[in-house]
């Protein structure tokens, strides 16, 4: 049997020199104040066994990791969403670029770049009666934790500096690919990005994707097997900004990252693994987090390839 | 002496087959309702001699032609504007593209594409106490006509459909190249685009640029000689969207067009010539208007080359 | 135990309506003459068990599938190749585009677009004494078949129409990312693309990648475990032109396609599967082949996700 | 009457501090060896009056200035050339970029970027019996100087380093916009770029464009009035790489520059003016040359605007 705690201990030692090297996201104050020396990691098996190290219980802003959850709510209801309103190809460009969006007539390349997440949020806004409340309810259900919440301060800060996201949503509105009011879509989007979790909550939240669509704690089916596999596939090909090739090459697992420094990955059928360290590399992924996951798949021999 | 009336008569006959061929701008109802068979043209010499034909007295929306007037107010006050906030190179792309703007870090290529006009409006907003009122006052002065006005209905329609302009201004705000509130800049911009004139008023308004910076009617200096020449140069290299090369080649005069179907051109030291016909060609310039100006420089032998 | 022959039979029936729908590559005569109704498929387990259907024994031009083999020879010798001369990110653009290559200063996005394969060939040219002969020797070894050969007629045709590849290699030479003579690199490249195999040979050739780097027939280690996994990762994120997201989403296996209509995919630790049908879809992958592989992973429940 | 010699003297004094500041083109040795402190300038009126200063008699490589002469030979013979094979719009990109060429399907934006000049050369190759000899004959005729020649050493150097031009011509061949053999087109192109003149020869050569198409020395008509004007228009909108807007703004004359440090400009109906100084600015135009021409139009009050 794999000694996961031993692996975490070993990773923790090896990534120490990397702490402090990355650049903490500083476009809003609430993110900028995080200490770049923080590092937490959790491994959670399907059977519930949990292994932790470092700052695993500290709450952080999950940011773009929330895009997977929004997409989950949308593909449950809107079967053609990924055929008509959003692609599923890696972008080959920065996550917030407008260039490709204009060349491709307002159809985002995939749901995990900002443009794609905004159109996903627009679809969610259409599907739900009370989008912010209903989405939070969904997240609390899949995480199994009623205390998971939006951080209103972060949501407001995002809004005040969110000019590029406003540009993206207005450009898509111009291409008739946004159905609702742009300000309302942005407000919902900034709230979902402001969700806070710790590493263990993140593992819990994504465990249905590691377990073929079924929440392993409650036995509730969240998605069909096929849809769960497909979301994993999109995470692998589109989940880590313009570093998906490198992440597949070095880590070899479906993963989603956020500029808050969190990354969650999963081994289908086996486990979820999450890591948090706020210092980012040039591609916008947690610098120590990516290294930690690379060490994890090396030591646990757990790549999907 | 050139028989300008004879030239106008001849042009009027020759362009008849083109009327109705272009596509009237239809993104807002107030523009769409114009009859594509309309055609008016005015030649006005520096000495005040005026020659007219067709629908020369009908008011139309001058749209992008207003960008020259905004720029005029700005270069009078802000000498470094074209060095720091906006370029003066032709764009080689459609007038409302975001691609180049993103590659060039939010600095528009020139003041006559939409992005450049928005940043010019932002500078005007900073310079004036009451931007909409003060700009209108300026336009009434250079046109010598107190009745020139905004069309509020058009301004409101522009705003309701102006998602791409909202995308542009938000993207520039993200690059720190917009100083004022985005909604206020857009409101001012949509108003200036909604200005209405007829062909003669358009000739009067631009006559200071044909007369080395001095309003020939009043003798008032609007711009220095050097600045007037430079604005003429920008009109030649950037004034007709992505057709500037073709316009220089076929017409050979500084000119500025608008999607309302108006075009104004000038022969430095001699005259202004304006034309209006609402049917547009693929580049967004008046189809009959471009042909009329080509015939004008052929018959009057008045190209600057 | 999975009934692979039953699965092949079922797939064969279901894809019949698709045959003839795709467009056979016609840029060279030798490819254009293939019948778009041809369809062959082979599944080969690590233990050697083999299942076939349709035109499984007909030779075809493997074209871009050869790029994986060139890369294999290079990563064995040149450990820094994927750090310094070529990226490993999906491109988000057509396989033969020059745009991204120019923006990114002559460093191709990945080794499976044409630019990347050309720079890989250039490295192979440097590494081998007699590149064309030595590469063929390598391919014969991994395929276990001494009869695998270049098709000289196809190689010559490719050369005569290969202006875009000549453009790519000259552009990279301008960026100092080609070390050898451009004509010699092109000649080697066109030869490797002209390799001919049938579906079973293709399965044999790629079985070392399904078997953690070891040729399952001979027991010879071709690549280290880590390198084999990494090549599989690059196949998943970059192996099927601008359809990698869709292929990961629908098929969920590392795969490499060629414009000759062949595709090879693999389930790590279990099997290789190859399919050939010359009619291509809009992205340049075999239309019936992609569908057949989607059905395969559905029926065999064999996706890596 | 304008004191042209006085103006030259004044310019010569004022540009002294700029000499040595620009960067001499160093991609081939024969260009790199030129002293960046060299500066020559000539003004030549239509009536033959000539004014000189500095190194006005030193031969230099005219490089891209030759593109105007190639175009002249082509528009005389192939009336549809600028409608079907090459545009006439400014490019908004560097002179040797492949990006726009690919987006626009191998039709160059204008005849003065490298791609456009290569397709012009291809057309000239088709039109002439012996392209290199016949083109030289034409240049000797318009310059009135039988000693104007190719520099074979430079032509060979260009060829040995001309990978980017090879990329451009191969890409256009792929788009079926090159009719002749790529190597022969490149050879002719590199020869025309290697033409050597001094400032006075350059003025003589371009005087037919300042004189409505007629060589003022011989009275021979080289081009019709309309075609001469149109070539002047293309020089204004496309003649100085990605600085055409700035040159129109600061200088206000049709002009063509080359990386050898030469620039020729003209005042229609009046004069030609040429300047040479090998130090280039960031856009690839002679740094001191651009300033000298700006001073010229300021002092002589000779802008076309």
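By letter and in written order, the chains are A, B, C and D; residue numbering begins at 1 in each of them.
Keep in mind that, in the parts below, contacts are C-beta pairs under 8 Å (C-beta built on N, C-alpha and C of every residue); 3 or more make two chains touch, one makes a residue touch a chain.
Note that this is a predicted model, so its numbers are computed, not measured.
Across C-D and B-D, it is B-D that has more C-beta pairs touching.
Distance between Cα centroids is largest for the pairing of chain A with D.
The distance from the centre of chain B to the centre of chain C, with each centre set as the mean of the Cα atoms, comes to 55 Å. A straight line joining the Cα centres of chain C and chain D is 47 Å long. With centres defined as mean CA coordinates, chain D is found 32 Å away from chain B.
Among all residues of chain D, none touch two or more other chains. Applying the touch definition to every pair of chains gives A-B, A-C, B-D, C-D. Chain A makes touch with chain C in their complex at residues 82, 87-93, 100, 109-110, 229-230, 232-234, 236-238, 242-246, 248-249, 252, 254, 268, 303-305.
The part of chain C that touches chain D in the complex is made up of residues 97-99, 102-103, 163-164, 166-168, 170-171, 173-174, 182.
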